[in-house]
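The following pair of complexes shares a single chain, subunit A, combined with subunit B in the former and subunit C in the latter.
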Partner chain A sequence: MNILAFSQYERADWVRLGCLVAAILLPFTPLANEYVLHTCILIFLYMILALGLNVVPGFNGLLDLGYVGFYGIGAYTAGLLTVHYGLSFWVILPLAAINGAIWGVLLGAPTLRLTGDYFAIVTFGFSELVVLFITNETWLTRGPLGLPGIDPPSIDLSWLGGPVIWLEGDSLGVYYLVMALVLVTLFVMYRIQNSRLGRAWFAIRDDELAAVSCGINLLVYKVIAFAISAAFGAVAGAFYARWVTVISPDAFLFWESFFILCMIVLGGLGNIWGVMLGAAILVSLGEVLREILPLLGLPENSRFLFYGLLMVVMMRLRPAGMLPIAAVAAQMKTTSKRRLAWFKKKGSAA
Partner chain B sequence: MFLELLINGITLGGIYALIAVGYTMVYGVIQLINFAHGEIYMLGAFFALTFISAFNMPFFVAFALSMGCAAICGMLLDVVAYRPLRNSPRLAALITAIGMSIFLQNLAMIIWGSRPMPFPQEHLPAYFNQTAFVVGETPISWLQAYIFICTIVFMAGLNLIIHKTKVGKAMRAVAQNKTMAALVGINVNQVITVTFALAGALGAAAGILVGAYYNSVYPLMGYIAGVKAFAAAVLGGIGSVPGAMLGGFILGIAEALGAGYLSSLYRDGISYAVMIAVIIFIPAGLFGKIIRETKKSM
Partner chain C sequence: MSPILEIKNLSKNFGGVKALQDISFDIGRGEIIGLIGPNGAGKTTLFNCVAGVEKPSSGQIIFHPDDDTSVQVGGKKPEHVTKLGIARTFQNIRLFDALTVLDNVKIGRHCRTRSNFFGAVFHTPSQQQEEVAIERDARAALDFVGLKVDYHAMASSLPYGEQRRLEIARALATDPKLLMLDEPAAGMNPQESKELMDLIRRVRDSGVTILLIEHDMKVVMGVCERVVVINYGQWLAEGNPHQVAKDPKVIEAYLGSGAACDAA
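And now, the complex of A and B:
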């Protein structure tokens, strides 16, 4: 395929390309200041998280309420390895991913045999246990005091004879670093969803019985999905730890899981572009609400009131999200209508 | 020590049992984990607190009134949030349940503030903190005895409703097969709403008792208690009312003993660990049957 044959692109492709170019150029426009860059880094971080979470509810149709557990595992893996062993960011990233994936397999293998509801509640329990562990095992994690003194991300050019660049307080460098991570995540997700693996997941999501009949091993494919999702959660956690340099357990509470779930529901379950859009919208909205709520005399955390309402309204009116994909939309929306039609037909025949 | 922990555990267990019954009843009729149930429990406690401190109502009047209000909340929850999604995939209903839970939590936080509020002790019956009787060397307060009696009475009442009344029969029918129930003339939606009302009332009772027992009511109280009670429902076998009662007591006792002998830091962790272990090793629970997904998972 010749990627320069422009006629093959749809309008959506040009929009995506435009967004990418805009994101690359943003730091050089007059809009850019420290606050804007910080918000954008946050958006990119949540994009990785949302893309990672999307694998389980979006691609497999299973509700995962404990995603933040893997985020926390990744962050503490990175934090501890940096503080105790001084490993480089680029070594830690895959190590965190592997650790996340291991926990994903350990948790997923016994529980993914069960129905979706049980799975949801087990993941919730798991993430609570992770937070309890981090809070209580003070010998390892320093507990609620937080783990300080984590080095910022670095780019090591010494093997080329160049310097080691520490991205400390360097929003611009971190901005491009995390953008690169988003692009890698996006590339992986894009390739996976068009692979044999992705097709198997979609089959499971659309109809488990039919998928089994086609010879898809449900448990294996679900565990793979859960492990991949966990690995990306852990990567995001590792980046987070190196970026903020101080981590504490209260960054990994259930609220975070819910926030990320909101993003993928708003953007469109199963649509990688949609969940990125959802992340961008909700992080920006969060920043806006942070300014507005105190003016109304409300505590800052009450912004979750809107997110909760948003979820209920979305499920009622547009359950497949802002950028729906056809399969999810068909399932989520027309079930009731299809049944109604069936009853009517039966009624008239009788 | 052991006896004291055991008594604490039974008190706590009774409360978990009351909440767990709400989860299990709703799951029985519509196969939905009603995540917002913990929030109804929290609202019940706040209602009672408000009735007592703002309107100077006697404790028992406030208790009954809050149960009624929580029942209405439960019905509203069903009608507004869940009924439109009755035929939607499970994922949609679960996400709505989570959304409602978070919404109600934050609503309570906005209305009553996020800091724990003490239960007005001067309005509670004075004998609550006096010793009712002594077992071994451990004194049991009237409040503890009252919690235990309440649990037993409500459970017995619930059993009567389920097994001896027409509504109860309709509930059992709907739990077995919604289509068949509709065919024999049962108003399925109405029965489901009544189930939510019953669950809400029992949850509120638990919330008020906890508020009085620990002397603190706060918006996040439903979040942890809800999950623990769900663990109790799972332990008993979800969908089974006697199972939920037994599960509640077992979990309460396990938690009290675990906190006493193992580590109080992992107090909440014990419930989560029990829940995960039960789900992995005996997913049917003590009294339940293995649930097969009748609908597609999404």
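And now, the complex of A and C:
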């Protein structure tokens, strides 16, 4: 009976389960050292960011270039609340999410009427504003000096009569903490995409006029998407602040938005599994390049050239990403076939 | 027969272009009414005004004019119009291409359901019940239009005629009282348009009033009980389709004045 029940899982489900088990067991394998764990934590952090950003361009088809603004807002929310009020990580996490969502609504409500590129430019401007605010309002954020002395995340077991565990310099604890955050994010995204809310978003992405004809209020649903996306960005920011314990404005520059956007495009816009894969690939690639580039005598920042190169190669080979949503893949296939036929015709005519 | 929709002195200008001028007619409850006219006559503009996509420049569009649920539709947002019970299909099919057949129709249920973010994340009992109901209603709409395809296939993978049917299923899923079909028979072969006429009659028999834009005169003659002819944005004629087809003014509009003389 059990065997029969298992057989309903597809191959992809087994692969995902395998990845999860591997991720859980990784710290106990000989592969694991401080550096590997650190890189994995970074991958998990970017997975949360990629899943959060994916809501706007992936589910709603709106180009969002200012995602890092919400990441920054979350980080500074967590940092300031920790430094001034000493709040627990578990209290801060929802507060950061709410603050992110509020700013998402404040930015989204007036600007989501804009279409396409105009909206993208506004979001870009927003993320620049956040950085300028953090840099200049030194009374609050200490500006470019950065905000040091943020406590690491803690697990408070005192209510069970146990100790308070501070995850300071404890990569293993942080590793499982951020993995849990990724799983929560994934759970939320997975449930949303199979719900009335998710279907409304996909409808907006595919055809706005048809969506309103089905009774979907475009502005309301886009603002909800923006708020949810911003909330997860802020959660990632809050974790980041408590993890690195020092934050400064230069961690939230525009290129971060672009980096996360590359992840979701690389992985497969709109596919939650794809965007996680994209995060894993690009963060790993960054680490590899960090080793290789100095050997070639290139400055470290030239890694962006390689990200660009990777994107160009992807556009040529798999324009819908590594794991495209099924329909897009099918569409791309027929389009490229048609294009091929067109080229052939051109060739024979000439 | 009490009217379900009353269009009174409807005008729509795009800058200097008068797309619709002073159009008035009623749509009776349970009627199949055709809206015909040469290309560019303003038929789709009229649809868009009723559906809320365009705001009328002047005039009134009143839904349920004779009872106490009477409501002015002109100038309302499209999502409100759908909620009131007016659904439509599009001249060039507009499906959600990257979604499955079933999901397309499920989206049609959007305006009759209400679960939100928290329901979706926590799978609350009410959300679960609603999802079951959405699935049931969507399948019922698909069965009604007689779409015999894999419901988990992508909408874009369907053949043309089936896409038309799917679009009608999606519109029916919104529980309309008035269904507006914009050239549903365009590009269909005779067999398909015959099936379409059967479907239109079955939809009407289920209690939905139908307003139809159509160029295929076989379909108009075969299915419409009354037609309204417009030309250059103006009301031209109205009545039984066979009478209207003999009307010299209508023949002139379609074929030019020489043809009208020949016919006379």
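Some observations on this one:
Quick note on the criterion: the second predicted complex is superposed on the first by the 317 of 350 C-alpha atoms of A that agree within 3 Å, B and C clash if a C-alpha of one lies under 4 Å from a C-alpha of the other, contacts with A are read in each partner's own complex, and residues count from 1 in each chain.
Heads up, the rule we're going with is that a residue touches a chain if its C-beta (ideal position, glycine included) is under 8 Å from a C-beta of that chain, and two chains touch if they have at least 3 such contacts.
Bear in mind the structure is a predicted one, so any value in this text is a computation, not a measurement.
Once both complexes are superposed on subunit A, the partners subunit B and subunit C fit side by side without clashing. When the two complexes are laid over each other on chain A, the CA centres of subunit B and subunit C sit 80 degrees apart as seen from the CA centre of subunit A, to the nearest 10. Legend: residue contacts after superposition of the two complexes on their common chain; A:Asn136 is shown touching subunit B, with no touch to subunit C.
Touch criterion met: A:Asn217 reaches subunit C, while subunit B stays clear of it. When both complexes are overlaid on chain A, the residue A:Ile325 reaches subunit C alone and has no touch with subunit B. With both structures placed on the common chain, the touch criterion links A:Leu51 to neither subunit B nor subunit C.
By the document's definition of touching, of the two partners only subunit C reaches A:Leu197; subunit B does not. Of the two partner chains, subunit B is the only one touched by A:Leu65; subunit C is not.
Shared-chain residue A:Arg205: touches subunit B and subunit C both.
Of the two partner chains placed around the shared chain by superposition, neither subunit B nor subunit C is touched by A:Ile272. By the touch criterion stated above, A:Ile41 is placed in contact with neither subunit B nor subunit C. In the superposed three-chain model, the partner touching more residues of subunit A is B, compared with the other of subunit B and subunit C. With chain A fitted onto itself, subunit B and subunit C come no nearer than 11 Å, counting C-alpha atoms only.
On subunit A, the patch touched by subunit B and the patch touched by subunit C overlap at residues 205-207, 209, 328, 331. Note for the complex: subunit A touches subunit B at residues 57, 61-63, 65, 110-111, 114-118, 120-122, 124-126, 128-129, 132-133, 135-136, 205-209, 254, 258, 261, 265, 269, 298-299, 301-302, 304-305, 307-312, 315-316, 319, 328, 331-332, 335-336, 339. Subunit B meets subunit A in the complex at residues 31-33, 81, 84-96, 98-107, 109-110, 114, 223, 227, 230-231, 234, 263, 265-266, 268-269, 272-273, 275-276, 279-280, 283, 291-293, 296-298.
Taken in their complex, subunit A has these residues touching subunit C: 187-188, 191-192, 194-200, 202-203, 205-207, 209-218, 224, 228, 270, 325-328, 330-331.
The touching residues of subunit C, counted against subunit A in their complex, run 51-53, 77-79, 82-83, 87-88, 90, 94-99, 103, 106-108, 110-113, 115-117, 119-121, 123, 127, 130-131, 134, 154, 156-157, 170-171, 174.
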